[in-house]
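Note that the chains are named A, B, C and D in the order they appear, and that numbering of residues resets to 1 at the start of each chain.
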Amino acid sequence: MNRSAAPIQDVAHLGCVELLTPRLADSRWYFCDALGMEIVHAASASVYLRAYGDYAACTLKLTEAKAPGVGCIAWRAVSPEALERRAAAIEKTGLGQGWSDGDYGRGRSYRFRDPDGHSMEMYYEETRYLAPEHLRSVLKNLPMKYTGRGVGVRRIDHLALLAGNVTANRRFMQEQLGFRLREQVLFDHGTVEIGSWLSPSPVHHQVAYVKDIKGGHGRLHHFAMWVDNREDVLRAASLLSEHGVFIEAGPSMHNNSQGFYLYTYEPGGNRVEIYTGSYLVFAPDWEPVTWNEEERGTGVYWGGALPQSFLHYATPNIEASATSETREPVPIFDPA
Amino acid sequence: MNRSAAPIQDVAHLGCVELLTPRLADSRWYFCDALGMEIVHAASASVYLRAYGDYAACTLKLTEAKAPGVGCIAWRAVSPEALERRAAAIEKTGLGQGWSDGDYGRGRSYRFRDPDGHSMEMYYEETRYLAPEHLRSVLKNLPMKYTGRGVGVRRIDHLALLAGNVTANRRFMQEQLGFRLREQVLFDHGTVEIGSWLSPSPVHHQVAYVKDIKGGHGRLHHFAMWVDNREDVLRAASLLSEHGVFIEAGPSMHNNSQGFYLYTYEPGGNRVEIYTGSYLVFAPDWEPVTWNEEERGTGVYWGGALPQSFLHYATPNIEASATSETREPVPIFDPA
Amino acid sequence: MNRSAAPIQDVAHLGCVELLTPRLADSRWYFCDALGMEIVHAASASVYLRAYGDYAACTLKLTEAKAPGVGCIAWRAVSPEALERRAAAIEKTGLGQGWSDGDYGRGRSYRFRDPDGHSMEMYYEETRYLAPEHLRSVLKNLPMKYTGRGVGVRRIDHLALLAGNVTANRRFMQEQLGFRLREQVLFDHGTVEIGSWLSPSPVHHQVAYVKDIKGGHGRLHHFAMWVDNREDVLRAASLLSEHGVFIEAGPSMHNNSQGFYLYTYEPGGNRVEIYTGSYLVFAPDWEPVTWNEEERGTGVYWGGALPQSFLHYATPNIEASATSETREPVPIFDPA
Amino acid sequence: MNRSAAPIQDVAHLGCVELLTPRLADSRWYFCDALGMEIVHAASASVYLRAYGDYAACTLKLTEAKAPGVGCIAWRAVSPEALERRAAAIEKTGLGQGWSDGDYGRGRSYRFRDPDGHSMEMYYEETRYLAPEHLRSVLKNLPMKYTGRGVGVRRIDHLALLAGNVTANRRFMQEQLGFRLREQVLFDHGTVEIGSWLSPSPVHHQVAYVKDIKGGHGRLHHFAMWVDNREDVLRAASLLSEHGVFIEAGPSMHNNSQGFYLYTYEPGGNRVEIYTGSYLVFAPDWEPVTWNEEERGTGVYWGGALPQSFLHYATPNIEASATSETREPVPIFDPA
């Protein structure tokens, strides 16, 4: 891709993620009591939360549903003009779904789908969070105090989405939203795109697309929340173990992204990552790092391997379709 | 400032810093053996270094001089066009100094001064670092292996510069280079600008301007290098103590920037910070956080106070001039 | 001291500490909500607590009193025979006060005073803690689950007591209780014993005696609680800052003991240390490390200095008596 | 076991471990360059080393041999009398081998074998380490400076030995050396002793015996070295990965012992653990924690499982003998 031809950077960051859960009360407990997020609003079938370091009023929405999965993924634009530009561009692709007044804490929003069918929207206006007295930090530059409850996640970080066609979705994010490509897993001598990591900012990635080997659509591999220190991830592992939360993998370190991870399943069934580390990409002419079957190895920097469930489980959980790829990627890929 | 009127983001990041030192061999020891940087090049009176996580060939240049201080500060542009745009804009301010072929590892560069007289340049072309065999990392996304030598700083992070007129320099960085303002210390009911922190990217700050209370010009408060974990900063404190390096303050945590710091003096006399933590600014409409005398307090989140030398010492070290402010800022400010 | 002539090791460890507080409810909040201890029992004017890693039913007792300070300090003997041996030996010194049935969670106890007047007792029988269902850990070797509430201190660690005559008290602990001497601060060419650190086990110290420069008796310098990681101490600093708890010093590292510390005042006024690090003493022929005025320096490994209050404040807080030493120890000593 | 009838505590600690290696130069590189130990002496086929926090002159001896494994394991007695007492007691068991003048850094030593045939000795006299000028620490209580080279292990910690009959060896350590039993893995309703962890001090364990499922004798499962912080273990993992050292498992946390571990193979083939955490046992009436098949689970606190090699590989590496147990312990046990 010719950098000079790239769209202006119109997306600022991942703004809010909606998770669907068949066990709303338990999922609420997980994010509020176990991870330490704050509940800011509640509607009939949804609860709205935020992490102490998020500047926005709401960054996670839990919505009751028959099956777990990801609902609407909201991206914030850098300006009103940027929002209009992106909406117009997406409109032309035929994936646009029109404007709404915006969900809790956000203004006018443009709804669309990515090629794989994940629901997304973009917005600019946002209600800045103002902490009530008892949650005000002694630090003026912190939107809310660190309460110390549970894991104490600082902010939402990224999403890993499954897709039938990684290439199509990766291109959509690059071309329509101006995301930059950071790393890729390419199999069969670089001809098969297994996974791609993209970001609208120097943060390593805010979205990853990974091949859905079961032939599903619109599915979620995981949603990740940031903590500031690796010790916070180790502490999270002990705390969640004591809470009886299922730990699938980690704490350990990915080779891809250099992220330090802990993968758990929230009670609704969605995979949630407690995440830190990784690296910032400052280079304007960054050349995406590519990994082949052998280099990708186990996905773990320090040896060992991610468990089979990491490859096979996503939400909603489905049986492999008749039309799905029957050949499994070997070795295990890893949507960090 | 009307965001829409802001210049397009043309600066990518802090690219390379030149430090002047009257003890080149000792300063070289400090950065190479004690901090763990790699020497990549040497010229008559200069040594060129890099940290293992820097993607560029060279990010620190040590140059022999009669007195310590900061030499040329190089910023990388996001594209060739961005470079031309910024050079043209700066040219109009009268602070431009013209083009050169660039220093080691960089291409055509436009040299200029900030209003306080600090030497700067901007460039786009850069030699990407390619590690020799013995320094190649097992991680494809890491430019060079982590050797474990000394502190093991990962990358250069930011600079704090003293200035006679903070406002003029802060505006220059905003208006001519497109930096965004993050935090400010304002005394006397917001009328006296004591310090300002700015960045060209979501990183909290890559440059800070702080009032030079001794009436000097072009002076350096400190140069900061990044490590990934707070434990790395604690380890650095022990290691540098054992090496006999002077530790001025820390490890501790700033309220401003939320940075976790350790301040030392390299043998040449320049203050060097080992730094981690802080926070990323994702909001496109970020409102700068301001601190008054009382709020600023000691500059330390956890209580205690920065030592007097933190206020009075900078490089080159000078006597207070007759024309300098005689009233000291009270309480201590802190160019995080 | 001829090691062979030393009493058999009859004391196992520090068992339980009683702190006096004029603000019982607030002190209870500090230890239970802010530090994360568990309340196990309450009597008229006392609350009994434990930390999650303590194997005993109760390791801290808070008792309402007019002024803060330390109440009874309980040491556990290694066997019933050891208890009898120590009681008989102390009886002969004239400092014994006789037997009781024991406080909450402990059996028959022998009460005595150290030469400076601090109240102590020794016991062997103890009620082992059995966690209720909701506090049971998934680790069979952990007495109680790590709940994650507040700082999450793991166990009580040590006490620093002030004394008019450090030598007399240090000898009492060595000769009557079999403690071993680890480090000492000796001023005036080794003739003036300013502080001594002692332990009944390989743990570096469980009690320190430091010169009471105000001429008081039976006073407390600080009570320390253990956390497993330095990051826990850093986290405690942020958490307690947000709770408005006064932080006097740290997080930082002592040269003496190599302890990593954070000193706070609990609401009742007692100085409480959050502590980790240090080193185990395995050598049976350990030679006490001594520090003179110059070597002792600031008490801080990484430079900087402990604040004046660290020297002057203890509980109960008193005015310097007419008969007290008027000459202050210089430089600051530090009862780690 | 009736505690009162227990032998007096005559053993102070693990003093020195000899490892056999078919690749002496490479093993030397591993311990000196990669782990950061100091070489203090060399003989024809042996190299003597120490860690910066060890107070003794030598704590690890590497000896060239045809196959890897453990050589002589030296325990320090608490006094000359204790040494005589233990020698006399062992003599009666028929496992004694007589006195020698002692290896490098140690005085008169009594050599013996444990029931499984591991070579051991006991001594009291020892040459205290005195650091040369360039290795002297600024901390008077640290035998040698922390150089920052490699992993920077602080001291030797413990050994895990395989044995045909765990019970016999465990009893030998309890009855002849006065070790205390801390934890056990008992299968088949408590009738089959799979592993036992013992210590002569409040340190959780300094030796573990684990069932040799291949029917060997005198074999080593692993040798462990201590670091102070979990971050040191994570750093070790990255550093050793970059050095190409094989990482078998971790960093992660055991349920048994609560140890935080990283298992690697040194170039000679011996499994070496980088270790921290765990807990001190203060209770004089500690009741050993027992784990059955189900409770033992994967041996990992946070889920996941130790790899098969952890069960099957030991040094010297042998084929399972005809007389060995054919039934494998299920699930995996874990000699922490």
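The criterion applied here is as follows: a contact is a pair of C-beta atoms (placed from the backbone, for glycine too) under 8 Å apart; a residue touches a chain by one contact, two chains touch by 3 or more.
This structure is a prediction, so every number in the text was calculated from the model and none was measured.
Visitor: Shortest hop count from chain B to chain D along touching chains?
Guide: The least step count works out to 1.
Visitor: Give the label of the chain whose average Cα location is farthest from that of chain A.
Guide: Here the answer is chain C, farthest from chain A.
Visitor: Counting C-beta pairs in contact, which comes out ahead: C-D or B-C?
Guide: Higher C-beta contact count between the two pairs: C-D.
Visitor: Could you put a whole-Å number on the gap between the CA centroids of chain A and chain C?
Guide: Roughly 47 Å, centre to centre.
Visitor: From the C-alpha centre of chain B to that of chain C, how far is it in Å?
Guide: From the centre of chain B to the centre of chain C is 44 Å.
Visitor: Using Cα averages as centroids, what's the distance between chain C and chain D in whole Å?
Guide: Taking the mean C-alpha position of each chain, the two centres sit 32 Å apart.
Visitor: Provide the list of chain D residues touching at least two other chains, using ranges where the numbers run on.
Guide: In chain D, the residues touching two or more other chains are 138, 229-231, 238, 241, 301.
Visitor: Going by the contact rule at the top, pick out the chain C residues touching chain B in the complex.
Guide: That would be residues 230-231, 234, 237-238, 241, 246-253, 262, 301-304, 307 of chain C.
Visitor: Across the complex, what residues on chain B touch chain D?
Guide: Those in contact with chain D are residues 137-138, 145-151, 229, 231-232, 235, 238-239, 241-242, 244.
Visitor: Under the touch definition given earlier, write down the residues of chain C that touch chain D in their complex.
Guide: 3-4, 8-9, 12-13, 53, 55, 76-79, 81, 124, 138-142, 183, 201-203, 228-231, 255-258, 277, 279-280, 282-284, 286, 289-291, 295, 301
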